[in-house]
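Shared chain: chain A. Partners: chain B in the first complex, chain C in the second.
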Partner chain A sequence: MKTLSLISTIIAGAFLIYGSMDMPHWGDPYSPASTHVSPYYLRNSLKDTATPNVVTSVLADYRGYDTLGETTVIFTAGMGCLLLLKKRRKK
Partner chain B sequence: MIRESDDVIVRTVARLLMPFITLYALYVVMHGHYSPGGGFQGGVILAAGFILLVVTQGIDRVKRRMSQEKAIIFSSLGLLIYAGIGALCLILGGDYLDYGTLGRPLSVQRAEARSLGILGVEIGVALGVMAVMCAIFFAIFTPDQKNGRREQ
Partner chain C sequence: MFESLLHHYNYWMFIGLMMIGFYAMMAKKNLIKKIIGMNIFQSAIILFFISTSVKGGGVTVPILEHPEGAQGGFVDVMKYANPLPHVLMLTAIVVMVATLGVALAVVMMIYKRYHTLEEDEIALIRRKQGLKC
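Take a look at the complex of A and B:
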């Protein structure tokens, strides 16, 4: 069983490495990630949101839904910590 | 459990530093539009101020200002501010979290309304992060209710 899982892990890892060969090079200016929305954000951030810091405008405005999820993750993690610590106190 | 520090210098300096730490945290939150910073970082600095007070003044004296129950309420309130601003945009006829629609009731330009919406959202994030950090810290360092104290 152990050798089987080891073999399957190696095969899956080899597939992942093979798949990553088609990815654009790191920092490639012509990759889809840096030709699609990034130039739009850099050009229109100040006009759209009156916020000079592009990071903030992307974080809280263009990608606001993502940040809402992040805040929910922090809230849920905190509540989980409290529940765990409170349970231990009762014993 | 953390008792009040015996050292008068530590106690006094921590108490004197507390307003400046809070002010700096508010600056980091408010200045996120122009410099690195924002809700997450400012919230952590706010929480650091409270944790410094707990470590130096003892947990009982700080409880009047910030307790675990208050922290839980504040963390929910922070998330509610964020989601509430999003829902307000929905009510005013835009998409969820489309702050531009807030411009009409506030009577400002669309771009400025989005800037204000970012600020409101950052305040919500800061409240939530601050409260969660405080709640975890208080949960670890609150004494046992049965035995009166924890081994610490």
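Take a look at the complex of A and C:
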């Protein structure tokens, strides 16, 4: 079992390193992640939301639905923990 | 080859970290060690995403300087790190904590029933009871 998991780990790591060859260079300011929509957030965050912290304005304003779903995740996890850990009545 | 190492070594570090977590999840018998492996895996993914938000040298955190002066003015995009991966990873950290909580609750219930956390011992107990494992 140990050798099998070691082999599959090495194969998965080799595939990931092969895939990382096509990634943009580290610190490239013109990488796809930093050119599409994030300049819009940086330029207009103060005008639209009056918040200097761009992370806050994206989290709570531009992508508020994402945060709403996040609270749903937290609620589901809390309910799951409560249901698992509550004292069971003896039958 | 050396060029590639220079430009992609951050991804390779995170792949190494991720594979450590992956191996711990598969090979370890103790359930708590499996959960620690899952956490290492998730931390590697978070570090990977944060590393994509870097824009060369001289960038700061995405908090605008002099908000009064920049009102209606021009914001230099190249001066601030990309805020989007930070936001997405904030969500991912919350999901990580939620999965950790549920996993620890499940492990606690397993310990209460079988009084062990080793996978093979649990399988042995279940086999003795005539259950599938």
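List of remarks:
The rule we apply is simple: the second predicted complex is superposed on the first by the 77 of 91 C-alpha atoms of A that agree within 3 Å, B and C clash if a C-alpha of one lies under 4 Å from a C-alpha of the other, contacts with A are read in each partner's own complex, and residues count from 1 in each chain.
In the analysis below, a residue touches a chain if its C-beta (ideal position, glycine included) is under 8 Å from a C-beta of that chain, and two chains touch if they have at least 3 such contacts.
These numbers were taken from a predicted model, which means no experiment stands behind them.
Looking at the shared chain after the overlay, A:Ile17 reaches chain C, while chain B stays out of its contact range. Legend: residue contacts after superposition of the two complexes on their common chain; A:Gly64 is shown touching chain B, with no touch to chain C.
Once the two complexes are laid over each other on the shared chain, residue contacts for A:Ile7 go to neither chain B nor chain C.
In the superposition on chain A, A:Cys81 makes contact with both chain B and chain C. A simple residue count on chain A separates chain B from chain C, and the partner touching more is C. Within the superposed three-chain model, A:Asn53 lies in touch with chain B and with chain C [touch as defined at top]. Once both structures are placed on chain A, chain A residues 47, 52-53, 55, 59, 67, 74, 77-78, 81, 85 are touched by chain B and, in the other complex, by chain C.
Residues of chain C that touch chain A in their complex: 4, 7-12, 15-16, 18-19, 22-23, 26-27, 51-57, 62-65, 67, 70-72, 74-75, 77-78, 80, 82-87, 90-91, 94-95, 98-99, 101-102, 105-106, 108-109. Chain A makes touch with chain C in their complex at residues 1-2, 5-6, 8-10, 12-13, 16-17, 20-21, 23-29, 31, 33-34, 37-39, 41-43, 45-47, 52-55, 58-59, 63, 66-67, 70, 73-74, 76-78, 80-81, 84-85.
By the touch rule above, chain A contacts chain B in their complex via residues 47-53, 55-57, 59-61, 64-65, 67-68, 71-72, 74-75, 77-79, 81-82, 85-86, 89. On chain B, the positions that touch chain A within their shared complex are 32-36, 38-39, 68, 72, 75-76, 78-79, 82-83, 86, 96-97, 99, 109, 111-112, 114-115, 117-118, 121-122, 124-125, 128-129, 131-133, 135-136, 139-140, 142, 144-145.
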